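The two complexes that follow have chain A in common; it is paired with chain B in the first and with chain C in the second.
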Partner chain A sequence: MSEESGVALESATEDDIDDKPILKPEEPSLPPGEWVRKNLFNGFFNSVLTVLTVFLMAIAARGLLNYVFSEERVWSAPATNARLILTFAYPDSQYARVWVTVGLLAVLTGTSIGLWAQWAGVSAKKLCFWSMNLGSAILLSIVLTQPGVHRDAAGEVLRDADSDVIRKSFSTAMSDRLVWWIVGLAFIGAGLLAWNWLGEMRRRTIRVPSSFLIFGSLGLVVLSLWVVNYGHYAFIDGEFIAISGRTVATTTKQPWTLMWLILVGSFFLGRQIRKTERASSVKGLLNLGWLLSPFVIYWVILRDPAIDYSHVWSTDLPLFLAFAIGGGAVLWLLSYPGIGEAGRLAGVGLVVVAIFQFVAAFAGWYPMLQKVRLSFVLLALLGLAASNFSGERSQRIRFVGVWFVLAALLHYFATVMNAPATVDVVSENFTGGLTVTLFVTALTLMISFPLGVVLALGRTSSLPIFRIMSTTYIESIRGVPLITILFFFSNILPLFLPDGMDIAEFAAIILGYSLFSAAYLAENVRGGLQAIRRGQYEAADALGLTSPQRTSFIVLPQALRISIPPLVGQVIGTFKETSLIAIIGGFDLLRIGNQVIPAQTQFLGIKRENLLIVAAMYWVITFAISKYSMRLERRLGVGER
Partner chain B sequence: MSISDAHSPASDDLASRRDMIVCDNVNKWYGDFHALKDVSATIKEQEVVVVLGPSGSGKSTWIRCINRLEVHQKGLIAVDGVELSNDLRNIEKIRSEVGMVFQQFNLFPHLTVIDNITLAPRWVRKLPKSEAEARARALLDRVGIPEQADKYPGQLSGGQQQRVAIGRALAMEPNVMLFDEPTSALDPEMIKEVLDVMKGLAESGMTMMVVTHEMGFAREVADRIIFMEDGEIVEVGTPEHFFTDPTEDRTKLFLSQIL
Partner chain C sequence: MNKRFIWRAIAVALSFTLLASACGDDGDDITATPTTTEATDDATTTTAAATTTTEGDDPVVTVQGGGILQTVIDRGTLNCGVSGAAVAFSETQPDGSTTGFDADYCRAIAAAVLGDSTAVAFVALTAAERFTAVQTGDVDVLIRNTTATQSRDTDVGMDFGPTTYYDGQQIMARESAGFDSASQVADLDGAVVCTNAGTTTEKNISDAADAAGITITLTTFEDYDIVMDNFVSGACDAVTTDGSGLVGRKAKQETAGENWVIFPATPISKEPLGPTYGQNDSEWADVVNWTVFATIIADEKGITSANAADMAATPPDAEVGRLLGGEGEIQSVMGLSADAFLNVIAQVGNYDEIYTRNLGPVGLTREGSANAGWLDGGLLYAPPAR
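Presenting the complex of A and B:
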């Protein structure tokens, strides 16, 4: 290790072999001219290739620019229908619920970033480059885009005798775009100036915090809502609004500003907490928050505004509390260290009780809510496992905590999904657009992920019964097209349900997606499981770990790390496959752009603009996911041992 | 072939010590292949036994049978008076009292050094985290790498990794330590640091069974040497007997090849 490396000096002991510094040292950069020569024009073949590629890229860029800025484009279609694209026909009177949801997510996101993010920041040098690149891109676009058309006083496009449009001359077009010339040159100039100013201390890299850049640019976007005359275009509760020459509606800019403030505020809150002792417990809380958020949101957004809460207060909540507290007490007792055989017997007793409830239901001896029966099953399962968690106080408390969470989830699900008497989840026409796309993705992943892991473990298990069951499941699901499964769950499943059990179509669809996705997830995880070397199992065994402990502390964490790339592929796949919801009658993002907007009288048949916007939304989210996964991979050091 | 007491170390109280490991006519087959043939030996408390033999002679198989990483088909193995059976709880109990160190270290690459060491004490012995960590740090001190606690195994040299592995096994406070060629995967300059730790362990009175090719270690530290070939025990004796006048021809041949 050389003396200059500096970064790792504090921990550099004599037998230090490889201490990875957190920041990658920046490559010594060549002057731009030399870089181009070295990388793009080194040799005849490479030069030809470079020229050809640049040419093709210019053609593609010109095509896209002409498409976007063509006089035929009606961008007011997606602009007017922004609300439709995001939340479909969500009632205006209820819209506060959407903002509450976004606000909740902003709090979670901001705090999480503040607590976890290890952003290295962007070097000032890079910022200069970015600025110059942006400026050049603007200039290039100005030149590449074809000249505009002449219009008459009413704004109609003028045409010649053959009814072709009449384009302006190139020079007129260029001078028309004076403002953009200035903007482009300003970016380049600013980059160059800063570059020169940094000149003397170029070696000393100044870093701008990423948080500043990200929240700053978001802030600029929000600020622009207040100052730039985007115009007020909207389609709300069946009414079209189109007013140009002003800023967007107050009902748009106010909430977005508030969201930005909440985001930034919780970011700083997270940063503050990070410095305190409590950081790790807050992190746990946040994880739980993320885990629960889809369910809370499901409730906040999808619940029927006319819901009758009396049943929830009088029956659902008391039932849950009774189970949570009573069951918690039982489990606390059963995990008492000295309980021994008696505990095991009590566990078996609980199982018998749970089974008996189902027998009673089958024979019709006495009525009982389904969720009560399910609660008994859950309690019995944890009761059986209780002896594994006996020990010191904190461990028992955590065990009982697990029961609380599981019971809450169970009761929540049962209440939301399965109870005609309580909550009616109005499904397909209540909301739609991006909301549904994101919801279905999030819930599907949350349900299918654990299921997939269990299936993968089953398929690699040494017990034949698990192996056969998992393999059968995986292979049968993989043999059926997703659309078939979705049809089954949205149309046919309700016919099979027993009397008195109801399932919202939305929930049925999510179930179908989850079961499908789980089979593929399982195969990805299995790939990771197979990569774990035998020595890991042996080392865990030799230490006396039980096989569940071995699986959860040694095998799974490593297997999941290895499977990150295929798992991310699966996440992205699921996200995009939600567009199939349109085929079974739901209103997802794609359908809004492809069918709903083109059916409006104002925008009859206008599709391309919407589709481009929708595609861009898909792309941005997908790109964000893969970018994040790349960071994650690097941080967890996948592939390097 | 004799396993008589004549070759036992001279220490007088040995006979009165507890039997830590008892193997009685242990047999193991891999399919048709007879890997262990009537292996019998008794290892007393605080004894250090080195197992020698050519590659493929069944040393690993035997040592792995003792904590049930391999299952023997015939014969009896008892550790500290508890016979190995198929009862899962029995196996876990024996494993937590027998420490094992592997040729390939087998550290958990996703856990820091300190987590590697504290995992089993916390979850098998149910020690509170703080106590487990305090002990782990003491152990890292003992194996000479207290400053590496928060690194990941991939950031350590081979010798350091093996020392962590020893610490990890010791953290369970085992009565017996098994070593299967602990230095064979190491670069020569790192072998000594691991052997030194093992020597220290032997001096502290740990019962140890060591498969190794380090003759120097065998000569210096072993109370007894067991020589194996083709799945059977050929000769047993003190290092002195073993290196100066071995009885069996096969032993002589092995020693002539290796020394």
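Presenting the complex of A and C:
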């Protein structure tokens, strides 16, 4: 799925809605024979290299194909356990919640693509090539895969006297694969026909919209659920039924069809909004939606918290109102234009108060709800920033409004997260499989990215105290292996917490990942900061910008643009490092494939198939991320300017 | 003007602090009662899952008030620690449910305490986490194919219940290599024996080889699937681990045309597996122990999930009547309902049913093994219910 979208995105750099695509002039393509001679056999050494490489690639492909299509493989193990791999032991009765989650993500994705995507479409030339390449790949696979085995009526593999399997003859095997011959030849034929039918010029100018390609190919995948016999794996009244050679269960194909419709529908919605004047405010809302989505999905939709409403009325709501109104009044005063240095002092005072609450907690002087302490932190942060928002009445009102919204979100999520879940699931970490991998990645990046930028700025700061603190942090975290940090946060941190304070394993894991990732991100961003030339700083100073303005408007945008390649590398690294959760007791993709499925009686010891599938899942997601980053780099002109 | 501003701001901030702390106090008072802890817990706001430890609960001294039994009854579910990845003992099924021998004992305890065998929250634990989870009270009972040993029992914070499965380390080899079920460790002289690294099985087999006066080549691998791959490919002449594991592997992975044999008949180690629970809570210990005993007595007396209700109505003898709650107050004295064990047998089954349901499919039989009843020459023996 992501792979296809990635491929389609490749050639697209411009907007197919607002602007006409600006196409680079293409070099006239050589005839195939000429191209091969020029690129593959243009000398003795190169010819040898070509032959050798093709030979090695064929051997590797043959090995992989024989492995995948071997009669010994039990692909029903990962197929039957697809649900376990994706969501671990999420209860069957509550599975609608998972679909709501997927639907929500489909809405966000579709609308975002509709609003932001800038696609030039794929040229007909490329499509012809793809079709021919795909056809050739299919034909090659048919020839390279070893002949199948003879089976008896019950599907058991027949063996000879030495209990070796009996393989079919090569010609029988080839004729068995007739359908695939036809499919492969059809792709090549279609490509060639289109190639000849379109003239040289039109081949380049005719472009198929990328949206059509992406949603079309996704649609084909969804359609195939209804037609192709992938195997039927269903839960009926808690009884698990697995039948191979049937179309997938209705409970699977119906929701996926619905999800596809939602995705396409919200894409067109996004396109419509894009044409209106409200586009920019909808973009803001979408950004907020993406930011909040991990929290809403994880703690509200998937956990279904049992909120104690009497407690909400008696404590939570009054507490929130007290904070919102009291804090609002403080911020209103602090953003008064004439307050000057006194405002900064008061801001620092608020920070001291906030820190004091935590000191008191660790010393056990007086008890207090954790969210009250966190509210003080939030108030202190806004208090420090207040002087930047002083000015017009309306601006101050907006500033206080931001505080209201932030405080409301903080209090709401604090209440929700501390309410017990009503959905029963195995393991303390609440969920597992791909879900936990994605949530840990998303939350880690959300926390570590701002922290990393702050650390990078601190390390390049001219104030020694910030520089020393940042450098110490970065160097000490980078000097410790990630697994050590994870062990520390999951096993040792709870011992340091004061009586009555408790941290869930999941939160501890995310904290560990975030602090680790931030140190590396900081170094990546610092690389970008160092690439900014002196002149940029001087120009900003000449314009009379203050140093925060210079940093946020001149330096950081350029630095972040430069550091996109290493930042994406860090994102991919974080995503893959989540497999370490398996070692500290979580049920992530790796542990499910490696330990849980091989421990099922019917799939005892079946491990390689699961691991191959898990590896493929990691690859697809990682590839999608790097494709996206390549696109981003091209759009922002990294490496060109 | 400016000065007045600072003071006003500071005054507001301070009064605000006081107000908030006062409200905070409010919340904390409520947390003193364990049942509402979860809603108002002083947990960090990033707390992901419902935490079950109660406020200020010193993990080691768990005896207070109602103890674990009362906690479980108040909570309405039993937190049961299992492996989640142990063949036939606790498997996570494709639909996310947990099945197996250990899982069924969790269900039996839930049926006894809460009257509902489905009121179990399975907590999947790694081998490294399991004892901490018992000590901190994260799980009420741990049934995770855990061998009872002296050092574990005397370790702070844990007690062992009665053995539910008598396991022991054995060896598996090919018949074609000259082994049969009557083989002994001594017959392994010069063989390549494989097992997984860093476990007691490694030590047991080398001790046994020393005792038999033979030399073996011991090869270890990181996990047991790789051990089996090497056995199948012929790189290992023999493999060794607990008997229950070997039988399962033989049933599922025996290569066509080969015959794998498991020996010696008397295992080279004792691995009694049973439930583990927090220390010094004898009320809870009684509940767990007698739930296990009830399944064993029911097996002895022929009470099954099918006939339990009839047996309770017309008990064939006095002990069955007492066990199923017809007569006397013995369950009530334990803090359970009178029909607690009737629920266990009716909803989960007796020992034989639990055994056959879970261990039958991997080829383990009770007959002739240590897990047969004492009347059939096995070790399973429960004190009388009276």
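What we mean here is this: the second predicted complex is superposed on the first by the 494 of 641 C-alpha atoms of A that agree within 3 Å, B and C clash if a C-alpha of one lies under 4 Å from a C-alpha of the other, contacts with A are read in each partner's own complex, and residues count from 1 in each chain.
Following the convention adopted for this analysis, a contact is a pair of C-beta atoms (placed from the backbone, for glycine too) under 8 Å apart; a residue touches a chain by one contact, two chains touch by 3 or more.
Just so we're clear, the structure is a prediction, and the values are computed from it rather than from any experiment.
Undergrad: Of chain B and chain C, which one touches more of chain A's residues?
TA: C
Undergrad: With the two complexes superposed on chain A, say which partner A:A322 touches: chain B (first), chain C (second), both, or neither.
TA: second
Undergrad: Give one of first, second, both or neither to describe whether A:F487 is in contact with chain B, with chain C, with both, or with none.
TA: neither
Undergrad: Just chain B (first), just chain C (second), both, or neither: which does A:A542 touch?
TA: first
Undergrad: Tell me the contact category for A:F553 with respect to chain B and chain C: first, second, both or neither.
TA: In the superposed model, A:F553 contacts chain B only, not chain C.
Undergrad: Which holds for A:Q395: it touches chain B only (first), chain C only (second), both, or neither?
TA: The first partner, chain B, only.
Undergrad: Return first, second, both or neither, reflecting whether A:R561 touches chain B, chain C, both chains, or no partner chain.
TA: So A:R561 only meets chain B here.
Undergrad: Please name which positions on chain B make contact with chain A in the complex.
TA: For this pair, the touching residues of chain B are 67, 69, 92-93, 95-100, 102, 104, 106-110, 119-120, 123-124, 126, 128, 147, 154-157, 159-160, 168-169, 172.
Undergrad: Please output the residues of chain A touching chain B within their complex, sorted ascending.
TA: Contacts found on chain A: 13, 15, 17-20, 391-392, 394-395, 535-536, 538-546, 549, 553-554, 557-558, 561, 636-637, 640-641.
Undergrad: Touching chain C in the complex: which residues of chain A?
TA: 80-81, 83-84, 87-92, 159, 162-163, 233, 235, 238, 240, 242, 298-299, 303, 306-308, 311, 314-315, 318-319, 322-323, 326-327, 329-330, 333-334, 336, 338-340, 342-343, 345-346, 349-350, 353, 366-372, 374-376, 410, 413-414, 417-421, 424-430, 499-507, 510-511, 585, 587, 591, 594-596, 598-601, 604-605, 607
Undergrad: How about chain C: which of its residues touch chain A in the complex?
TA: It comes out as residues 1-3, 5-6, 8-10, 12-13, 15-17, 19-21, 23-28, 30-31, 36, 38-51, 53, 55-56, 77, 83-88, 91-98, 121-126, 128-129, 138, 223, 225, 228, 248-249, 251-253, 255-257, 361-362.
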